[in-house]
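Pasting the structures here.
Same chain, two partners: chain A is paired with chain B first, then with chain C.
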Partner chain A sequence: MEFSLYGLSDIVLSLKVTALANFFALLIVLSTLTVLFIAPNYRLKRSFYLLFTLLVASLFLIVYAHDYLLFFIGWEVMSISTYFLLSFTLSKEALHKYILFAMASALSLFVAILLLYSTQHSFLYEDAKQSYLAMSDGVQQLFTLFMLIAIFIKLGTIGFHYWLVDAYEESHNLFTPFLSAMLSKMGLYALILFVANITQATYVLAVMGLLTTIIATFKAIEQESIKRLLAYSSIAQLGYIVTVLSVADGMGGALYHALIHTLVKLLLFINIAGVIYVTQKEKLSDLGGLIYKLPQSFVFLLIGIIVLAGMPPLGGFASKFMIYTALLDAKYLLLLAGVMFSSASAFIYVYKLIYGIYLGHPTHKNLEEVKEVPWTFLAPQYLLASLLVIIGTFPGLVIPYINRILGELNLTLLSFETIQTLITSYAQYNGFVVMGAFGGIFVLVLMMFMLLRSKAKKPKNRFDIAYCAEEPNEATHLHYGYSMGQELKRVGLIHLIAKNSSKYFYDFLAKQMQYFSEVVRKIYSGNLLLNFNIAVLFLIILLLWSLK
Partner chain B sequence: MILFDLLFMLLVAYITGFLYYGLYRNITARFQRRLGPPVWQSFLDSIKFFSKEESISHGWMFYLGPVIMMSGAIMTLFFIPLFHTGESFKGLSSYGNLFLVLYLLVLGALGNALAVGASGNPFGVMGVTRGLSRLFALELPFYISVIALISVSGSADIVCIAASQTEWNAFAYPLLFIAALFSFVGMMGQAPFDVVGAPVEVYSGPASEFSGKFLALLMSQSAIFTFAKLVLMVHLFLGGASGFVELLAKSFGLFLFVIAFGAMYGRFKTPQSIDFLLKVPTSIAIVGLILATWS
Partner chain C sequence: MSSTLFIALPLLFGFATPLLSRLGKNALAYTSVLMQLSLLGLALSLLLAHSSTTVELISIAAPLGISFVLSTASLLMVLLFTLLMTLFSLYYLFQRRANAYANESKFFTLLNMLLAASIGLVLSSDIFNIYVFFEIAGISAYILSAYSKTALALESGLKYLLTGAVASIFLLFAIVLIYLHVGSLNLAVIAEQFQLLPYNVKLLISLLLLIGFGFKVEVFPLNFWVTDVYQGSTSLVNALFSGIVVKAYLFVFFHILYLFLPQGEFTLFLLYLGGVSMLVAEVAGLRQTNLKRLFAYSSLGQVALIFVAFAMQNIQAVQAAFFIVIAHSLAKFMLFLALASLEKTEQNMHIDRLKQIDSPFLMVMMFLAMLSLLGIPLFVGFVGKFLLLKSLAVEGMLTLLVMVVVASFIEAIYYFKLMGYMLHKGTRSEKVEVSLGEKMIFVSLGLSLLLLGVFPMSIAGFLQNAAEVLLDQTAYITLLVGG
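Coming up: the complex of A and B.
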């Protein structure tokens, strides 16, 4: 659908249904429905839902827009409605951070779009490549810079993530799943459009993606607040996608991982929203030992972390496998090693997450009286977890859909034989056999073990453990693992990551800005005579310049 | 037919694994000027533990932990072919690949980590913490070596990698082999990287809460898992194996090296071992990768 702006006949706007747009629209629908499922548990103002609807509408505008002007309008509405949605719970500082970054993102997007428009006088996606090629080298780089700044801020890649972590941590528990699953995906959508339509920007994406995964993973390891930990993990997961988008055939892996990440982050954030709902506690150090109080939630979090860590039988491995082989195909071997390294480091924070909440010992008396979370929290988790299990068993299931998108973007298609197998040029694996073998072996071992009449006794109480021949009591510090990863700070390379923060950079920036404002304030002092003189001076300069 | 294959592989791994474990105890004893236990002592121990009645269970997650660990070990074994030639004893390797195996190698340990957490024993969790902290540093040199091998052989299929070696990879790419060996020593739980169980130092690591039948299951999985890891290394670096004698000879040679290495060195602290692994073997592996793939 194309239409032109009233009075401006040369600006053509366009909305178009494409396979890529449909893919993201499907994710929006899924996230919205699952998130609204948990809404009845919270008492929220009506304006919250109004803004939420506006936000969802703007997301649809972003994905179905087929020119950069409509895209920008959607982007702006999204940023602003998110601001008001965040303002329900965020502290003033975090809110300021968010709006500053969101505006910086929107402005640099705007500049980039205008640069694009300046050469071919068209905002349409299909003209973007030509407009880009028509620019001079310097302008091309400027355009790439502004475009990537806008995208990176939304994605929250490292260095641009300063707003994101606070926003995730303090946002309403109902809204966090949506923030992580959907809003960051819009940055990804913009990046995919950029990579597919305009230019690949290989080295920038590769370096940025790798730094993001590694640094965010180690930052996630040191967090004690659950939502902060997951926020960093979200950044790290998007880092994988940015990395894989840097290679020519990476689009398939990127889309696959985007799907998996949306599902798993919805699952995890809804899960911990449930935990926070029943316990009113948000820190790993305040929780613990909930496994037998919330058994269903425990299983769902377990599924979530298995996917997050990319462990084989479930869907996480499929997308990781796609990413790895795409990098291997492009011969980016050290990049691949870096990504796998970060993936292995992620085991620490996923274990920390599940241990801190569900395992170990309860750290408070009232944790021993909590009940399973309401079914409104569990129902969406059943849906998401079963989707992840199905994708793990049939990893080829989504390949035809991804191929349709790739075909539309004129990229190499992924090979597809059956829904059970995932085939790349280097290797293939059969998800059905892996799942079946694991399930079969597990059941057989369990049955044989039970046949040995291992009717293990229940302990008298939770202190009945092997404890160096002593007996611990209430006062003993037994919930040990929630601070896991602290000793990593003693390793030089990791200490470097832990010690530094983009906060210092932005503080520095703010200070410089203050000095600058100070100078401006000295000129604009309210002294009428001085201002008049300056104005006259400027006028003379302007006159001289125009005469020349 | 495939079921028979799998059963046979399991049997071989079980027996050989315990044989190697017995030899390990014997050989380490000789290093320390002791006699050591009889070779089959560990096997008999595990049988005895299986017949023990008493054991405490801290709920279903605790109960399932050793079972998951056993399943992880058997999965690893099944997705690694015993021989790279011929039709039989390939297991399920044609349905998987090396990336899958790399993940399966840590699957069991992570499953058991959940059980350790569920037991609520802080000493067990201490072992898990140390293990997880060390894990990524341990895997990095191994990953880099494996990636280089996949790249030069053009396939992530273990059979292909094993078959593509005209000269053993260990000699064709010595730096990659050395780097991978550092990781391998750690994966086998040998000094100087044995920070997880850390005998004498930590009360007894992840296994501290498991007794009786649980311990028996853990011992058996350890035997199977050891064998699976050795077979993987033989296929990756030592030219693969086309018969039992060749497989046993190569894997035992490798095993002997690992235990000799372990017997010679003291133990690193956890941060020290991470630091060392991130510096020395990783640098060796990166240089090896560049040399191997430079064209």
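Coming up: the complex of A and C.
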């Protein structure tokens, strides 16, 4: 569907239903529905729902737009409506930080699409490649720079993630799943459009993606707050996708991982929203031992972290598998090693997550009265977890849909035989068999556990710790999660990562800007004598310039 | 004869105010609204009745030597001015009970002189008449700025007077030079012969005009007085300054420029002048904590943006300029009226006060205006900025494009700081009364920002027509001098 805007014949806009757009639209629908499911637990203002509707509408505009102008309009409306949605809970500093980065992203996208327009006088996706090729070298680089800045800010790629972590941590528990699952995906959507329609930008994406996964993984390990930990994990997961998009055949793995990441981040953030709802605590060190109180939530978090770590029986493995083979295929071995390294390191933070919340010995007494979370929290988790299990069992299930997108983008298709197997050029993986084996072992272990469970009574008092050489009191941190991961800081490189260098950089930038403003402001200090002198000086310069 | 009415009627009303004020306590406010409404109706009827480019040409013979041209372009400006003035009179009427101006009849005299002079600037086709209206607008603005008689107000009035006097000296000198070399004061005659003048004379006249008008169109570095004037004047008056007066000067400056230099000899220079003005103004505003001063900086930035758009001197950019003129006039008018509503109870205009104010209605309205000023899509501000930047990109002026975008980003920094203050969570102690009538004015302004932003095509054709007319030098000469 094509139409023109502003009564100007030279601007053609278009909305189009494509397989790629449908894929992302499906994710939007899924996220919106699951998030709205938990909404009745919170007393929210009517304006919240109004803004949320506007946000979802803008997301649909972004995915179904077929030209960069409508895309940009959707992008800006998304940023602004998110701003007002975040303003319900965010502190002033975090909110200002968010909007400045969002505006920087929007304005650089604006410059980029105008540069694209300047050569072929068209915003349409079809003409983007032509427009890009018609630019001079310098303008091409300028265009790529602005486009990637816009995308990286939305994705929270390392260096551009300064706004993201605070925004995730302080946002409303209802809204965080949506932020992580959906809004960052819009950055991904823009990146896919850029890679597929315009140019691959191989090295930038590879380096930025790899740095993002490694740094964000180690930042996640040292976090105390659950939502911060998951925010960094989100950054790292998107880093995998950025990395794999840098290789020619990475699109399939990227889309697969985008799907898995959306599902798992919805699951995890809804899970911890439930935990925070019943305990009112957001720090790992304040929680612990909740497995007895919230057994169902525990199982869902377990499923979530298995997916997040990319371990075999569930969906997370399938997408990681595709990412690895794509990198191997392209002979980017160093990249592959880096991604595997950070993927393995991710075990530490996912373990910290589940241990901190559900296992160990709680520090706080009042956790003993906690009950299981309301069913409105559990129902969406059942849905998401079963989707993840199904994808794990039948990893080939989504391949035909991904192939349709790849066919549309003129990329090589993935091979597909049955829905149980995932085939790449190196190996074949049968999810059904793996799931069966794991399921069998799990049942065996569970039976042995039930039979051999010790008959010893559970201690009545939580200070009653037999093998503790000291006598703990209320102030003692009983929970190991209190300082888990801190010891890693002794490693030189990780210490460097933990130093918050982006904070120093942006603070420095802000301070310089303020000094500069302070100097420029002197022009407007109201001293007429000074002003007239400046004006006369200006006049003389003007005269010299024009007589030249 | 209708175009003379636009000037004669406000002047007549202005000088009749002492008589009208005798009729009763409210007579002046009501008759003022009535008069503005009739002017608006006249402008609208002209708009609907004439589809051709030239609406009207009025020449009064030699001894008086007055001639007016009401083209599509000037009709657009007249329409904007009368519309804003009508809303202004209505707003004044509604909030008058709480905060009537001392010595109301003088206030109305000055107000109507300002309107008549602004319209006169836009319509005149004679450079000496332009000078006369330039002075009338100046004088009424000086007095209005000092009207509240506080120390700050008097300072601002004095500064305004001094800089205005300097500006008019330069303008007068330019006119003298023009008359010396061309022997006529008619814009069309000058336009015809200006190209034939020796280069040095052309350059000197252009420079003198640039400096003379430079003060009034608030271009760097001649705009130092603006922030002080905005801080000293009441918000109500500021709404007029940024909504009407500066737009009239901008229009007439570029009108003269297009006539004298149709080839655009100084385009590049003016473009960068505008770009630098915008950057300097936005950077200077970054740390400002007084609301009125802050909006003054923002006005400087926006006016510089309009300056850039007009200086491009092509149809797309001038169309964009008209869009930004409309967007900025409506949004700034709205913001200053909101400040005027706050000013009713207390003079303090520190930005911290925004944290205290308990009036969701005013907040929402200010949000709308600010988002439009920032050029967020769905608001009319976006349309203008988009068309301008598109034109810059197509012409290959990438440096300027980046300059404008960086300046917009800096503007976003302080506007979102304000919004952060307004969204501040905490107890809000200060109630602000906004009457139903005031609300209607705010809502109609806010709605027009949104509607024009979503359906810009409703006025795009008209604005393009206006841009074509404004840029068409030969048609103007033919009209006034004949083939």
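Heads up, the rule we're going with is that the second predicted complex is superposed on the first by the 486 of 548 C-alpha atoms of A that agree within 3 Å, B and C clash if a C-alpha of one lies under 4 Å from a C-alpha of the other, contacts with A are read in each partner's own complex, and residues count from 1 in each chain.
Basically, contacts are C-beta pairs under 8 Å (C-beta built on N, C-alpha and C of every residue); 3 or more make two chains touch, one makes a residue touch a chain.
Nothing here was measured: the structure is a model prediction, and the numbers come from that model.
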(message) On the A-aligned overlay, A:Met311 touches which partner chain: chain B = first, chain C = second, or both, or neither?
(response) first
(request) Could you tell me if A:Phe72 is touching chain B, chain C, both of them or neither one (first, second, both, neither)? (result) second
(request) In the overlay, answer first, second, both or neither for which of chain B and chain C A:Leu50 touches. (result) neither
(request) Give one of first, second, both or neither to describe whether A:Met484 is in contact with chain B, with chain C, with both, or with none. (result) first
(request) Specify the partner with more touching residues on chain A, choosing between chain B and chain C. (result) B
(message) After the superposition on A, what does A:Leu539 contact: first (chain B), second (chain C), both or neither?
(response) second
(message) On the A-aligned overlay, A:Val29 touches which partner chain: chain B = first, chain C = second, or both, or neither?
(response) neither
(request) Scan A:Leu107 for contacts with chain B and chain C and give back first, second, both or neither. (result) second
(request) Identify the partner contact of A:Val17: answer first if only chain B is touched, second if only chain C is, both if each is, neither if none is. (result) neither
(request) Would you mind writing out the residues of chain A in touch with chain B in their complex? (result) 289, 291-292, 298, 302, 309-312, 317, 320-321, 324-325, 328, 331, 333-334, 336-337, 340-341, 344-345, 347-348, 351, 354-355, 358-361, 426-430, 433-434, 437-438, 441-442, 445-446, 449, 452-454, 456-459, 462, 464-468, 477-478, 480-481, 484-485, 487-488, 490-494
(request) Mind listing the chain A positions that touch chain C in their complex? (result) 5-8, 72-73, 76-77, 80, 83-84, 87, 92, 95-96, 99-100, 103-104, 107-108, 110-111, 114-115, 117-118, 121, 139, 142, 513-514, 516-518, 520-521, 523-524, 526, 528, 531-532, 534-535, 538-539, 542-543, 545-547
(message) Taking the touch rule as given, give the residues of chain B at its contact with chain A in the complex, in rising order.
(response) 50, 53-59, 61, 63-64, 66-68, 70-71, 74-75, 78, 92, 95-100, 102-104, 106-107, 110, 113-114, 117-123, 125-126, 128-129, 132-133, 135-136, 139-140, 143-144, 147-148, 150-151, 154-157, 203, 208-209, 211-214, 217, 270-271, 274-275, 278, 286, 289, 293
(request) Enumerate the contact residues on chain C facing chain A in the complex. (result) 155, 159, 162-163, 166, 203, 207, 211, 221-222, 224-228, 269, 280, 283-288, 297, 371, 374, 376-378, 382-383, 387, 389-390, 392-394, 396, 398, 401-402, 405, 408-409, 412-413, 416-417, 419-421, 423-424, 456-457, 460-461
